[in-house]
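Questions regarding the structure given below will be posed in turn.
So that you can tell them apart, the chains are marked A, B, C and D in the order they are listed, and the count of residues begins at 1 in each.
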Amino acid sequence: GLKGGIVAPYTVYKGKAALSVAPILPTFTKLDSGLHVVDRRGVVMLKFIPAIGERKYDWEKKQVFALNPTEVGSLISLGSSDSCEFFHDPSMLSSNAGQVRKSLSIKPHATGGGYMISLTVTNNILKTRENVSVPFTTAEFAVVKTACSYALPHILGWDKLTNKLPAGSAGGRVDA
Amino acid sequence: GLKGGIVAPYTVYKGKAALSVAPILPTFTKLDSGLHVVDRRGVVMLKFIPAIGERKYDWEKKQVFALNPTEVGSLISLGSSDSCEFFHDPSMLSSNAGQVRKSLSIKPHATGGGYMISLTVTNNILKTRENVSVPFTTAEFAVVKTACSYALPHILGWDKLTNKLPAGSAGGRVDA
Amino acid sequence: GLKGGIVAPYTVYKGKAALSVAPILPTFTKLDSGLHVVDRRGVVMLKFIPAIGERKYDWEKKQVFALNPTEVGSLISLGSSDSCEFFHDPSMLSSNAGQVRKSLSIKPHATGGGYMISLTVTNNILKTRENVSVPFTTAEFAVVKTACSYALPHILGWDKLTNKLPAGSAGGRVDA
Amino acid sequence: GLKGGIVAPYTVYKGKAALSVAPILPTFTKLDSGLHVVDRRGVVMLKFIPAIGERKYDWEKKQVFALNPTEVGSLISLGSSDSCEFFHDPSMLSSNAGQVRKSLSIKPHATGGGYMISLTVTNNILKTRENVSVPFTTAEFAVVKTACSYALPHILGWDKLTNKLPAGSAGGRVDA
């Protein structure tokens, strides 16, 4: 397995499930020109872990949903009465496309203060539909927003920038 | 004692007491897999130091209260007319649980502009109840909010993240 | 060409064009005094790339516009119903000044939610006027705002500061 | 003089004067315990440089004003119709105390959009009173606010924190 990494998710444990949130940084590839470009883009990974007893969670049954930078932008700009929903197909662009659909929704509590974060996984082959929801308080959601605002430039790779001009800019004026 | 650390609290000195605020970063443990996980989570430490004369403070009598990440999230999302209160038991999960209760409250000044930050320590054995309060101006509280927003990803350990995938994700798609 | 740099733009692909956004850090010059000063200031570079088919973009025909720190300040403080416009002359201060005029405008969608980002390049010699526009959703613009807020101190060079006092301050009080 | 430092101020040039803004990081002292504590606190340094012709500024006649962390907190929390004013005595705590008084004021333009930043230096011995003012646009002030929000944890020294507990906490629970 992969060695040496660091895992530091922000995890909220609730009655029916836990939800952990952690960024995964992009990876870079070196081109022949010596320039490094983003190979696999970074994401903010959400993991939903169902409860199987008091304060016990079954990590084997976790469901994941990886927010891309634009989805992170949507989350961090969410107003207190706004909601958002994202759809992913884990097999997109493969022959299994369309078999499984994941939907993540973030909706403010009707009574105000905090959000319900829900993941629905629909499998059209197995004819199953699983749903797991974790209520977040205003304070817990503020942690997610602040931490994701911090993470966003890092998952874009902007923390790795140097003062070298990209090759394509050679000869041009920077302040054109 | 511990050597080599750096102490850089933001301290506000007022007539009856001083209040210092400083983050303490998490510590990590290396697992057999080579992965590092958070061992002791980070906090934002508040220290209340009673005054014993003009510009003199008795550090021996300081009382501490450590804000966990979610409590920091509550603090940094506090609206100008909002208040919040947190309860800690320093002996939680030990045989002394329930003997001492600490309560931290942050309340906006009735006249507007700034907050009163108060710590109450109730000892049910000694039948004592100590209270220490420090008034913060709007500007002083803005320092705390801005510095704690900066500190939050660091006390979560997100500044230490690498681009390695956690072992549990091996074989899965990142953008699932 | 320049080697070893890292390119990590945030790129939004739309029907008629793509728009990529990336910071370029300042470069420094060492003075005889040993002090380093900013030589070429940093910018946030915008690149507009016209589409030439479905999901195909012609990078040879890209048009660039480099936001200076104050223009970045304008962008990140843009209210949801505000618009802004910047004018650049790529040949400013040269004998070709006034031949080409670039204008970048950011305008909120009339229907609310998101902005239209447009670049117009007017060439007074060739009597040409090119326009390229890319619609940004609220989430995509939130990414740009958050990433540019992160980038701003870096393009100013404030992330490189040391605790040395500049030579000109020697003998003076820091808290004067 | 001091060597090797980096100077990267954000400077706004206007008709009657220029104003440059740059953070100066704190310095640390190592105690016998091995612990490092802040020796000289960090500041955000403002320099006002009077104009002596078109685009010419007389750096010899510059006036400085160093914002401490709480004053920076005041600046970054300034609402669009708020103003603030700070008073410094460059000789405070010395025998010359009271001879010179510096006052910095930040006031929103009456017509909306941007602020007037003014420094007044009153010398009670020489019976002189100098005033220099620089108008900032909304965008220029947004740069100052964003850059100072970035600088604040750094001038406090929070970017240097380690995961070591300060000596005084030994034996205590972190989450007390």
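In the analysis below, a contact is a pair of C-beta atoms (placed from the backbone, for glycine too) under 8 Å apart; a residue touches a chain by one contact, two chains touch by 3 or more.
Everything numeric in this text was worked out from a predicted model, so none of it was measured.
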Quiz prompt | Chain whose average C-alpha position is farthest from chain D's own | solution = A
Exercise. Compare the two sides of the chain A and chain C interface and say whether they are made mostly of the same residue numbers, over half shared, or of different ones.
Key: different
Quiz item: At what distance in angstrom does the C-alpha mean of chain D lie from that of chain B?
Solution: 27
Quiz prompt | Rounded Å distance, chain A centre to chain D centre (Cα mean) | solution = 38
Quiz item: Which chain A residues reach two or more other chains?
Solution: 26
Quiz item: In graph terms, nodes being chains and edges touches, is this line, ring, star, complete or other?
Solution: ring
Practice problem: Go ahead and list every pair of chains that touch. | Solution: A-B, A-C, B-D, C-D
Self-check item: chain C residues touching chain A - in the complex, by the definition given at the top
Solution: 1-8, 10, 12, 22-27, 40-43, 45, 59, 64-66, 68, 88, 90, 102, 137-143, 146-147, 150-151, 154
Quiz prompt | chain A-facing residues of chain B, complex | solution = 26, 28, 33-38, 69-74, 76-77, 84, 149, 152-153, 156-158, 160-170, 172-176
